[in-house]
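Each of the two complexes below includes subunit A, the first together with subunit B, the second together with subunit C.
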Partner chain A sequence: MIKVTRRALTATLLLGSTALAPMLAPGTAAAQEREVNVLLFSMPSTRGLAALADDFEAETGIKANIDVVGQDVFESRITLSFTGGARDIDVVHTPVIQVQRWVEAGWLEPMTAQIDGLADKDDILSGPLEAYKVSGDYYGMPFFAETGLMAYRKDLLEAAGVGVPETWDEMLEVAKAVDSDDTAAIAMRVAPGQGFNMFVFPMIMRAYGGKFFANYPDDMTPAINSPENLKALNTYITLMNDYGPQGIGNFNFPEVVAALQNGQAAMTVDGTSIVSQAVDPAASKFADQFVLALPPGGPAGRSPAIAVHGLGIPAGSENADAAFEFVKWATSTETLSKLAINEAYPDFTRASVAENPEVQAKYADVQENFLDLRVEALTLALGHYRPLIPTWPEIGAAIGENVNAAVNGLMSPEEALEAAEDEMKSILAY
Partner chain B sequence: MTPPRASAAMDRTYRRMLWPASLAVGIFAIAPLLGMLALSFTDFHLVRGWSGKIGIHNFLRLFEDRRFVSSIYIMMALSAFGVLAQVVLGTAIAVGLDKIVGKWRVARGIFVVPFAVPHVAVALIWLSLFTPTLSPINAVFAVFGIEVPALLTTQTGAITAIVIADTWATYPFVMLIVLAALQGISPDLDEAAALDGATRVKAFFRITLPLLYPTLLMVALFRFIETLKHFPLIFVMTSGGPGRATQATNYYAYVQTFQNSNVAYGASIAVFLFLFAAAISFYIAKANARLSDA
Partner chain C sequence: MRDTSTAFRVKKALGYAMMLAFLGFSLLPVVWVVLLSLRPATALFEPIWESPAAWTLDNIRSIARSDFPAALLNSFITAGSSTLLALLVGVPGAFALSKRRASNKFFASWLLLLLRMAPPVGFVIPLFLVYVRAGLIDTYAGLIFAYTSLTLPFVVWSMWTSFNQIPDELVEAGLMDGASLGRVLWRIVIPAARPGLVAAGVLSFLLAWNDFFFSLIITRSDTTTAPVAVMNFVSYASVDWGAIAVASIALTLPIVPIIVLANKYIVQSLGGAVKG
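What follows is the complex of A and B.
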């Protein structure tokens, strides 16, 4: 008797746990309905998009399961999904920085015909859209284009009797005049990473005429150890170490934002989403004093940073039609306008959004000419600000780590650029 | 002393009790481990795929790779200083708490709190404490005109900062286990020592500490293996910087696998890490067995 009971108990427990599993997995019973699974990483605009999922279902009858996760989780999850051929994701957040690598690996479905078929294709900002073109085909639709701007404290610049720096050489002068014990002159990201210091440092590099490659994309010989890049690196090091706040060597964007908002730094040059937090009256003690302007330039002109994010469709998707419906809806003038109104999102990728009076009113509060400034910076920005090559994540990290080491005095600027050059060569040769 | 021999039927029952765990270990630990081992002999690259090459090339490359070799030094520094700090602090607090009675016993609950904080949150807390512009520590010292140095911009400083954050978050683990061991030591021993004229300090170092030794060894081993797996603290606090000064081996495996797409090479680093941890565990477990037998 006891023996039977014991065996029965074990069996029940084991069976029970397997039988429960399908019940716990949501959505399996409703598989007949049309659905798209969307994987995004967390940004104000993607969180805002997830909040609009019901609008999509109301308009198209397709249910969107939008999953918004942290960037680190996103990367491992999408890598596993791609390499395992899981086909569990119909629409994927596609940063422009990853497009070349993903296309080379055969992970994305081309969407050229669908995009060319859009009646309002001309309304999409062409720089961000063209960045998704790999050997003649589009592999993504941009929904986010951030560019670089400068923020400066007009009170402190006036007090120091200096004007707004137009070039990085002038920035050195201005920083020297503005820097005080109470307020450092300038704070920028220095933490190592292709999306951290390598988002801002190329603005200085390119202003001095520095490049990553001899002549992108025709001559891909590494050219990071050029005299122009050395000049840029020395400028960056002087600005950060002589006129930056204490501890700048490990600053990432949250520390930069805090330093601006708390009055610990008078200037920064960074993405629009960062600089606009300096002029946000709800968060910044000096919102009234900060003014936004184009980033400084140099002998080679101004080169504002650019970061583009879009939506792609994983290769072999069995749900590609519904997936493109979602992409089309998410990047439509209507959806982008809603996002621009609901969220801190001036980074829309359609020209018509800027004609919406509600959008205009909202961003005029940031600064009268904010949207115009953004368009001007976007027009100046190079599509290949960070080179559009499959190995960029690795190359960007290698350069960023050496640049960070130079700022923190672990090696000289010359050594850092030589090391970066060698590492670029070995990455490209491998 | 051997336990009384169980009946054959009971033996079967005991074995059955192991099934679920065996299944879980088999599926979720052994299988991925074998997969990783297999990968480490290939040249599988996330983007380029596998050329068909099989061999020990990844393991040969490891020891020519300066970044890998320096990652081991960084890992060992984080582990050695971290384990030392956690064991000393955890034991000291446990010894204090052990003697506390009455309503002050609530202190036990309070001292456990950091253990419940997720590692990413721990990292964010200490990142702000070590960022001079955000830190209340710097603000307080600034009142007296003292500038506290920025730890996270030098290698020694950044490693110290990670060790401090790790110690803060994990000393309660050491404390709890040592506390449990202390409760198992008879108070008669202390009384006997006192009667024989030993001071409390002497009694602690001559009687309590030797009795705790096997526990301390085990707890240090657990912490050591955990510290080999450092990741969130590095990822959040330093991004591996300044330069590459805090890219410990486990972090470097992540860099190679996910950032550089070198899955096979990343796997070989992970295999090395596994064997390293296994070898040290084996050695310490043997030492422990010798001690317990003695």
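What follows is the complex of A and C.
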């Protein structure tokens, strides 16, 4: 008995004593050498960027401490750092949908002079860059722009004797023909959230001519309960409930990706980062059967989704020069080309990257016209696909909840849009 | 006689069946995680019978190559150090509170409880700001001190209860025989309160080991602990379920031997029995 006791006691003590020595070891930035602290959230291009950090130091002599964390971790850390005025971060991952809110709160440093001073500014895709302009000033540099595409199984569409749907009305027909007991016709994100169902649903909305506001940005009267939006919502509900996989009512990107890769769904319409996982031979069982195409359109044309991510500099940064050096390096043609080659998605934000033969060869290998499709979709995409207003995160979340409730049958489509309209009004009034 | 015995057997069998069913139910998530950790990405969401041959060690390899092992080590270092610190400070503190004749014990006990009751979210922002100014962000020292704010009140509280069960006469006898107070504590009181000590150590280690919130706020890449590192496998447009499964196992495994080893003492201590 006593022996066991001693052992237990030593075990407990050992756990601690191995630890006392290094207690004071690594610390935060030693001020003498030039360093930048970079906070990014995890996606292939940011992980790729972190892997290239040594290149940055070799080129500039500045050490980049790049922290790549999960999205939830990112949000807690950055909110605390901003609200506390901690100035512990020099370069921050700035999703375009947050930029208005962050600028309104005074959290970002303008970068207009530096960006205008870039010799190759014209090479930056103007849509993504202009999205970072708030009342005349740039507050970020885009490094990633993903756009909406459709992925479909050519074998299943052929077997069903149907063509590729060009409109959402045609999509209803095609889905009906393709849907089988083994494979659902279509899987899209339904989970509520401004970056989840409200990333994909506006593609249907806008194709039918639906809008969020009466006339963005001049007349900001909510217009979510329009007949066009109702039509779009009904199409979405039918597609998901009648031709979607089981449990679709809570599908988010991991479920959509898994359904495509494992042959449980024949089609999806989503961002490049999702659809490219369907054509990725390393992860998808049906990579050779999936074909990428433009998303379906409607009476108002096609409106591919767009998501832009960039780099910003927190307000009051004591290290702004070194921080912009990092931003410049991270969004340079050279770095973006390396990322497009090393990682899975072609979501670069400079036109010159598409001229790089290595980049061309890599994506032609996935699908002959992949890069052209992307450019076409980016050209079609509305800069304000998701309205560029400070309250969008709340508005998007509110609409997303109601749209999700309608798909799950908790309220009728009409009720859902009415409720969304009311919530938009109260958020805007506040 | 025979009837009752049959009835008894049936009852017993039913009891076992229920216990087994409940055991299976409780263990299902664990079994599932183990299975997930050994399946390739393409077979993760399939029933096993559809691809019975699809097994892989890739998830384990990719975890081994990632930052996760370093995060696991960080967890050990910080949870271990803060436990040790809490025991070093807390045990003599609890001894004093238990054996000293003082009038303000009621106040002290409430203060301690209050520390245990206050949700960390209430003081994390001030803590964060102080840490930023003091340069304690992303340091072991910073995280260990933060964890000690969890573990110390716990150690004091639970050791206080353990020491209370040791008769004062034992302490007095020691002092009477000429031992110093420290010697009495070390030679007489602590051995007598061993189950409580082991339980306090193990439970406070777990308290720090399982922490997510402090690590989330005050660590960066150098000192991130394992529970936060697990979250980093949830990324934009993809979730690495295989890696999360392996990481969850890696996060649980080190705890198992500790619990098994200390189980007896924890039960004794929680049951309130002290063996002399």
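Throughout what follows, the second predicted complex is superposed on the first by the 402 of 430 C-alpha atoms of A that agree within 3 Å, B and C clash if a C-alpha of one lies under 4 Å from a C-alpha of the other, contacts with A are read in each partner's own complex, and residues count from 1 in each chain.
The rule is simple: a contact is a pair of C-beta atoms (placed from the backbone, for glycine too) under 8 Å apart; a residue touches a chain by one contact, two chains touch by 3 or more.
Keep in mind that this is a model prediction, so the values were computed, not measured.
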Subunit B versus subunit C as contact partner of A:N262, first or second or both or neither: both
Of the two partner chains, subunit B (first) and subunit C (second), which one does A:A159 touch, if any: first, second, both, or neither? neither
Classify the contacts of A:D88 with the two partner chains as first (subunit B alone), second (subunit C alone), both, or neither. second
With the two structures laid over each other on chain A, which partner does A:A364 touch: subunit B (first), subunit C (second), both, or neither? neither
First (subunit B), second (subunit C), both or neither: which does A:G271 touch? second
Counting only touches as set out at the top, which of subunit B and subunit C does A:A214 meet: first, second, both, neither? neither
Going by the contact rule set out at the top, does A:D72 touch subunit B (first), subunit C (second), both, or neither? both
Which partner reaches more residues of subunit A, subunit B or subunit C? C
Of the two partner chains, subunit B (first) and subunit C (second), which one does A:N404 touch, if any: first, second, both, or neither? first
Where does A:P192 make contact in the superposed view: on subunit B (first), on subunit C (second), on both, or on neither? first
Touching subunit B and also subunit C: which subunit A residues? 72, 76, 83, 258-259, 262, 264
Across the complex, what residues on subunit B touch subunit A? 9, 13, 16, 20, 46-49, 130-134, 138, 147, 150, 152-155, 158, 235, 238-245, 255, 258-261
Flag every residue of subunit A that touches subunit C in the complex, lowest number first. 4-5, 7-9, 11-13, 15-20, 22-28, 37, 41-43, 46-47, 65-73, 76-77, 80, 83-84, 86-88, 253-254, 257-259, 261-262, 264, 271, 273-274, 277, 283-285
Residue numbers on subunit C that touch subunit A, as the complex places them: 41-46, 76-81, 83-85, 87, 124-125, 128-129, 132, 135-141, 144, 194, 197-198, 201-202, 205, 216-217, 220-223, 228, 231-239, 241, 258, 261-262, 264-265
Contact set on subunit A toward subunit B in their complex: 3, 6, 10, 14, 72, 75-76, 79, 83, 101, 104-105, 191-193, 196, 245-252, 255, 258-259, 262, 264, 390, 393-394, 397, 401-402, 404-405, 407-408, 410-411
